[in-house]
Amino acid sequence: MVAFARLRQGVLLPRLVAGVVLLACWQGLAMSGLLFRDVIPTVPALAAGLVRVFASPDFYANLAVTSAELAAALVAGGVAGLVVGLGLGASPFASGAFEPWLNYLGPTPKIILFPLLILMFGVGLESKMAMGAVSCFFPIAISVAAGVRGVDAVLLRVGRSFRARWDQMLVKIYLPAMVAPLLNGARLGFGVALIGVLLAETKLAKQGLGFMVMDAYQRFDMPRMYGLLMVSVGLAAGLNLLLERLAGRAGLRNIRRERS
Amino acid sequence: MILPPRAAPWFGVGCILLALVLLQGAIEAGWVDVYIVPLPSDMLAALPRLVADENVVGRFAITFGETLASGLLALVVGVALGMALQHWPRLLLAFESWFALLAAAPLAMAYPLFLVLFGRGPLTIIVIAFASALAPVVLKTVEGLSTVRPVLMDVGRSLRLSRGQAFRMILLPAALPQIFVGLRLALVFALINVVGVEFLINLGGLGQLINELAERFDLPGTWAAIGLVVGVSICFFLLLEGGERWLRSRG
Amino acid sequence: MTAAPLLSVERLTKRFGPAAGGLVAVDAMSFAVGQGEFVSIIGPSGCGKSTLFSMLGGLVAPTGGRIEVEGALVTGPHPAVGMVFQEESCFPWRSVQDNVAFPLELAGIPRGERQDRAQLFIDMVGLRGFERRLPSELSGGMRQRVCIARTLAARPRLLLMDEPFAALDEQTRLLLGDKVLQIQQQLNQTTLLITHSITEAVQLSDRILVMTYRPGRLKRVVEVNLPRPRTPDVVTSPAFGATVAALWRDLREEASRGMAAER
């Protein structure tokens, strides 16, 4: 425990130093007048902006809209990704036929599909949900497929030797064995879905955090804009951290050779 | 239906072509709204038109150039940072989570700020793409360096190599595969962000083309341009994969 | 044997690849196992033992010949056949109790009854008190015991085991071997054990089938006429040693052929 405390101290100091240095540089930049006024607000102004964001009533309504879009995107993209991933993972032939396409389409920027989604779903929330869903479908499908293939083959033989039905194999063997890759896929999915939704909101929307960011920019209310950006980044990072912790714990449970 | 595994990729291509043919039929029959999904034949016809009228080659050069610039910059800075962090474990412990945070952050969302700071030009795009690609490269480099088998370092120590020698002759070559993965990651992230930001701010190469065509309601053109970008990405990644494999086969 | 055999294998063959020039793993093996018998199959590495195991368990289809369990042709995993695999096969996310109860769960048996029945076998393998533990908290030998208990919980008429103790150290092997003997006697369990350890085969079996190196054929059948129970006295008796020596002569020939072929 002493070592741990010392470790934490050791970590704290560099972080504090780095944080202070960064803030000082920022403040210096803001006060130097080198850049267009207000584009780099002073640190106190930033803080005030952040507080104002949390104090404004419309923030929470817009946060709810973004969250709803994110949730719907994850459900749609997640379920589709799960089903496709399971299919691809279970069948080497299907994997050879279609997984290369997933791998090549995965890293292409999905935001360019947004105009098409607007045509299909209109300018309301649905197009943003679709954007998020399309964004997260690919990494989830790829993770799930890899997860299925990663299930220890002997466990599958056990299931078959006991003549388990396909649904029993899925629920009692595949899914529990895949918990860590599933959570990692979910983490990745959350991240890209959120980015997809936010970017779509900045492009064309009347509600949501992305819309608020653009709105603040257009009114040149920089501190507010920075505040909203900080909240968005915080949201993304917070979700990512949470899922990473969950995935880590699930992975530990599946570690087999602890003693021997 | 039992087909040999080697036929699988062709089967996949075949399925996609079949789907396109069916789509063509469905649109012509009126089951699918042609104002939402134009005829695949029209999309195909739009390609030569785009190449002729819209300076696709020039645009491709712009996009590719920006990707290369930001990607290589991210690689160089990222690997350097990664090596520094690996070298001073205390710093690694302190800042690894910061980079993880950066990697997950939707930086492109702040593009208006970057626009104001860096002007409405390629510099903005390069900066955003660089910033987005940096964190993943750092994390991947650290991961690669830390997975070098300790026994290899022991060999170096038993031969009494200096730290610099050990680094050059053992650590770096052993970590090279991971660094190439980092290169691929840098270019992938760079490309995504370059095209994405070009689209969002309507500036630059291929990304801008898509945005323009969409605003002109040139539907077949928009679909064709998207297909073009996807095709370019595919070629890009195939090239990267091939390069990686070639380098690996050389030992 | 006057009673009909539990397992009947006729000219069982498995070929990989084309008819001409492919790899023949198992070549026209024929044998039978009667009710309550403990039969071991020994052979050098690479002789096709595991392929034989997979075919008997219905996981791999033979290219020729037939397998019958209780008179019924085997075309897939047979409900009367239980398999214990060589690799560790405990479900890492399930406790000992939930692992052992797995086949009962598949059969739709309600929770309370499942747990009671599983407890029987947990006790039998000597893991009482470990019901709630996860496999990661157990040693390798204990994990294999869980797998054996799990297979037994399905009450198979025929127990197939493929080198279940291969990954364990010598002492654990001997102890688990004793345990298996105890269980076999308690349940009068018909068992077919695949192993590369001669001493293990002689210690546990009534009959030993010796396989040749690839293609795997039945070279010899040896009756083990040592008294049961196979106490330490029996294991250290001259008769035991003689049986082992005789088997080693056979096996050595095959093992040398194997090593020469692999080179």
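Going by the order they are written in, the chains are A, B and C; count residues from 1 in each one.
By definition in this document, contacts are C-beta pairs under 8 Å (C-beta built on N, C-alpha and C of every residue); 3 or more make two chains touch, one makes a residue touch a chain.
These numbers come from a predicted model, not from an experiment.
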item	value
Chain contact topology (line, ring, star, complete or other)	line
Innermost chain, where centres are averages of C-alpha coordinates	A
Distance between chain centroids, defined by C-alpha means - chain B, chain C (Å)	52
Between chain A and chain C, centroid-to-centroid distance (C-alpha), Å	49
Whole-Å gap between the CA centroids of chain A and chain B	18
Multi-partner residues of chain A (each touching 2 or more other chains)	none
In the complex, chain B residues that touch chain A	3, 5, 8-9, 11-12, 15-16, 35-36, 90-91, 93-95, 97-98, 100-101, 104-106, 108-113, 116-117, 188, 191-193, 195-196, 199-200, 207, 210-211, 214, 219, 222-223, 226, 229-230, 233-234, 237-238
Complex contact set, residues of chain C against chain A	57-59, 76-77, 79, 81-83, 85, 87-94, 102-103, 105-106, 134-140, 154
Residue ranges of chain A touching chain B (in the complex, touch as defined)	7, 10-15, 18, 35-36, 39-40, 92-98, 100-101, 103-105, 107-109, 111-116, 119-120, 191, 194-195, 198-199, 202-203, 210, 213-214, 217, 225, 229, 232-233, 236-237, 240-241, 244
Chain C partner contacts - residues on chain A that touch it in the complex	154-155, 157-158, 160-165, 168, 172-173, 176-177, 179, 253-260
